[in-house]
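To keep things simple, chains are lettered A, B and C as they appear, and every chain counts its residues starting from 1.
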Amino acid sequence: MQFQEILRLLQNIDRRIIYSVLFVAVTFPFYIDWPPVRIEVSREVEDAYNVIESIPPHSNPLMISFDYDPASAAELTPMAEAVLHHCFSRGIRVLAISLQYSGLGAGIASDVVPRIAAEYGRKQNVDWAFLGFQPNAVIAMLQMGEDFKKTFPIDYYGTPVNEIPLMEPIQNYDQIPAVITLASTAVGEYWAVYPGSRYGLKVLAGLTAVYTADIQPFYQSGQISGILGGLKGAAEYEKRIDKIGDGTAGMRSQKTVHYMIILFIVIGNIAYLLSRRRG
Amino acid sequence: MRIQLPLLICAIVGIFMAVQYFVPALLPIYNRLNDYLQIVYAFSIVLGVASVLHRHGGKVQKRRKDWVYSLAAIAAMVLMMLAGFIEGRGSGTLFQNLFNAVLLPVQATMFALLAFYLASASFRAFRTRSTDATVLLVAAVIVMIGRLDDGRSLAIPDMARWILNTPNLVAKRAILIGVGLGMASTALKVVLGIERSYLGSGKE
Amino acid sequence: MDAALANPIWTILAGLVTLAIFSFLYRDNPLYKMAEHIAVGLSVGFLVVTYYNNVFRPKVWDNVLHNGQFDYLIPFFLGIILFTRFVPKIGWVSRWALAFYIGGFSGVSIPSTLEGRVLQQTEATIQPLLSIDSARSWSANFFATVDSTFLVVGTLACLVFFFFSLEHKGGIGRFAYFGRLCIMAGFGASFGYTVMARVSLLIGRIQYLTRDMVDSIGRLFG
């Protein structure tokens, strides 16, 4: 086979080969506990942890907004679980809502929140409440700044919010120490732009990795006080609270696939540069 | 009625919602209008649902190609509605189980497929054809390794952090400021009736 | 069916639909199409139930029927007229509702967008070029100063790159090119993170198949 032919083949590896290698690269680490991974807690995650850690137990709740749909669950549910473990293990109350327009985020919250709360014997409506969903995120964010009970007259399960003990002291954001938005869309940014700037709400962001690079200006400007970025962010938070979960478990596969993709890019580029040099 | 009235409604509501930011006395009306907006928005989403139903219903009625799938979609919708309205929502209900066992894995897997396409596309498209492309590629590779906390002897995690917090930050900030100005000016044009494409072509 | 048995069956069902969607990698097929359509139907059903319970019931019915707030019939009416879009002759009536919604949302977004996106971001950029702290080493001070300078100069360069009223030639051209390189590095970072995100989604599904589904099969048959 001619050298040029090899270069051409290297630049056009069949997609089925790439798919197969990718599948193997993701799957094998679950069986062989390789490669070793190292997880360093970044400053952004440390900041988010410190904000949540500073909330006094059994006082006003941390608000968690499930602003993602099932498409991003693999990245954001481990994050939600890690934050909930942190809160419930310390007796920090949790107020969950969802502002994902299709309502599917509410389906995720209604599965995750009660499940983790049950592990710590936390009581519904006392230690945690799930107010349900509102379709237009921006309008709901602004409404909560004035009156939570008008924004969510009943919770997800149909209980009037007036009858929920956890909600008794809560009128608006003044009684909320911080919100963490778990977002797969620009809703994460809206929290900083709308209630953050208008009501001075402290905003933490748990974002899909896609949005992590875009949100950095808000972190530097102080509009967002801490960031958990993608599955790695979840793994870092798990390390910080010393509770291994799905975030950490997935990092081996993350590593093998990153190197696999880099290897393919390098092969493609070497072949491209050599073929260009040979005319 | 067809053009002037919508423009008038848009201007009055828009100007009020902008002005209330600076006039706390308007808060009661503002709160009520927010409720109204939320309700109208909800109806607009339901309009989308009606459109989906219309499409699948028509397909089944006329026995068009792949009508069986449309029938399955309608049956699944009815099942979910019955489960939600009769048994209710919450852990252990049929509504939640259908969500966890079908809806969530289907959507999650559809997006997981993108990993395969992305791997294949980055191999094919990522070439060092110019300085710009090289900068992009090098930054991507450093971030991909650095975020794994690998290559510490070469300070790659530090470089990844620097890329994220410095060149990436300034680029995203410039875009953010530009987009912010663009959004505000477009919103102003809408409120003032200069931008009126939302009214449609005028043929309906 | 008792809950202990029901649970693995739901888990296995989730695994099976996952495999049905993965089958698309080979080619489009009836299994994939069926799973996709069922999910569309379920999500529409989910949306209807959720919207009714969380929006229409508390915000419209309860307010009108139980709280005597009849003004809530206004947004209800506006919402209903949106459906005139399905009737071509009177479709124009839906514009009233659209105008109300778009006007309100545009109005509310003007001050917040300017404040949150433009002013606060600009403010965060205006900072001293020299970053010297006597508690830090000289090298730390040096790098902090480089970063502060980069932050200001880089943001300006990127803004100049997007500013087309000036021809990008000479000094301005070089400055804009520096901005362009920053933007490329930013896109590179975004690409790296996008790879990470997509891979994470795949990991989530493979984790489900290799752990949860296998465990459930074991529980059901073992």
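By our rule, a contact is a pair of C-beta atoms (placed from the backbone, for glycine too) under 8 Å apart; a residue touches a chain by one contact, two chains touch by 3 or more.
These figures come from a predicted structure and were not determined experimentally.
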Innermost chain, where centres are averages of C-alpha coordinates: C
Reference subunit B; chain at largest CA-centroid distance: A
Selected pair, greater C-beta contact count between A-C and B-C: B-C
Whole-Å gap between the CA centroids of subunit A and subunit B: 16
Centroid spacing, where centroids are CA-atom means, of subunit B and subunit C in whole angstrom: 5
Subunit A and subunit C, separation of their C-alpha mean positions in angstrom: 12
For subunit A, residues that touch 2 or more chains besides their own: 19, 22, 26, 71-74, 102, 104, 107, 134-136, 139, 142, 156, 158, 198, 213-214, 217, 220, 232, 254, 257-258, 261
Junction residues of subunit C, two or more chains touched: 25, 43, 46-47, 50-51, 53, 55, 59, 105, 108-109, 112-113, 116-117, 121, 124, 151, 186, 189-190, 192-196, 199, 201-202, 204-205
Contacts with two or more other chains, residues of subunit B listed in rising order: 21, 34-35, 37-38, 41-42, 45, 89, 99-100, 103-108, 110-112, 115-116, 118, 122, 137, 141, 144, 147, 164-165, 168-169, 172-173, 176
Footprint of subunit A on subunit B - complex, ascending: 21, 27, 30-31, 34-35, 37-38, 41-42, 45, 88-91, 96, 99-100, 103-108, 110-112, 115-116, 118-120, 122-124, 126-128, 137, 141, 144-145, 147-150, 157, 161, 164-165, 168-169, 172-173, 176
Contact footprint of subunit A on subunit C as seen in their complex: 25, 43, 46-47, 50-51, 53-55, 57-59, 62, 105, 108-109, 112-113, 115-117, 120-121, 123-124, 151, 186, 189-190, 192-197, 199-207, 210-211
In the complex with subunit B, residue positions of subunit A that touch it: 11-13, 15, 18-19, 22, 26, 37-40, 42, 69-74, 101-102, 104, 107-108, 110-111, 114-115, 134-136, 139-140, 142-143, 146-147, 150, 156-158, 198, 213-214, 216-217, 220, 232, 251, 254-255, 257-258, 260-262, 264-265, 267-269, 272-273
Touch list for subunit A against partner subunit C, complex: 19, 22-23, 26-27, 30-31, 71-75, 102-104, 106-107, 132-136, 138-139, 142, 152-154, 156, 158, 192-194, 196-198, 208-210, 212-214, 217, 220-223, 229-232, 246, 249-250, 253-254, 257-258, 261
Subunit C to subunit B touching residues, read off their complex: 3, 6, 10-11, 13-15, 17-18, 21-22, 24-25, 33-53, 55-56, 59-60, 71-72, 74-76, 78-80, 82-83, 85-86, 88, 91-92, 95-114, 116-118, 121-122, 124-125, 147, 150-151, 154-155, 157-159, 161-162, 179-196, 198-199, 201-202, 204-205, 208
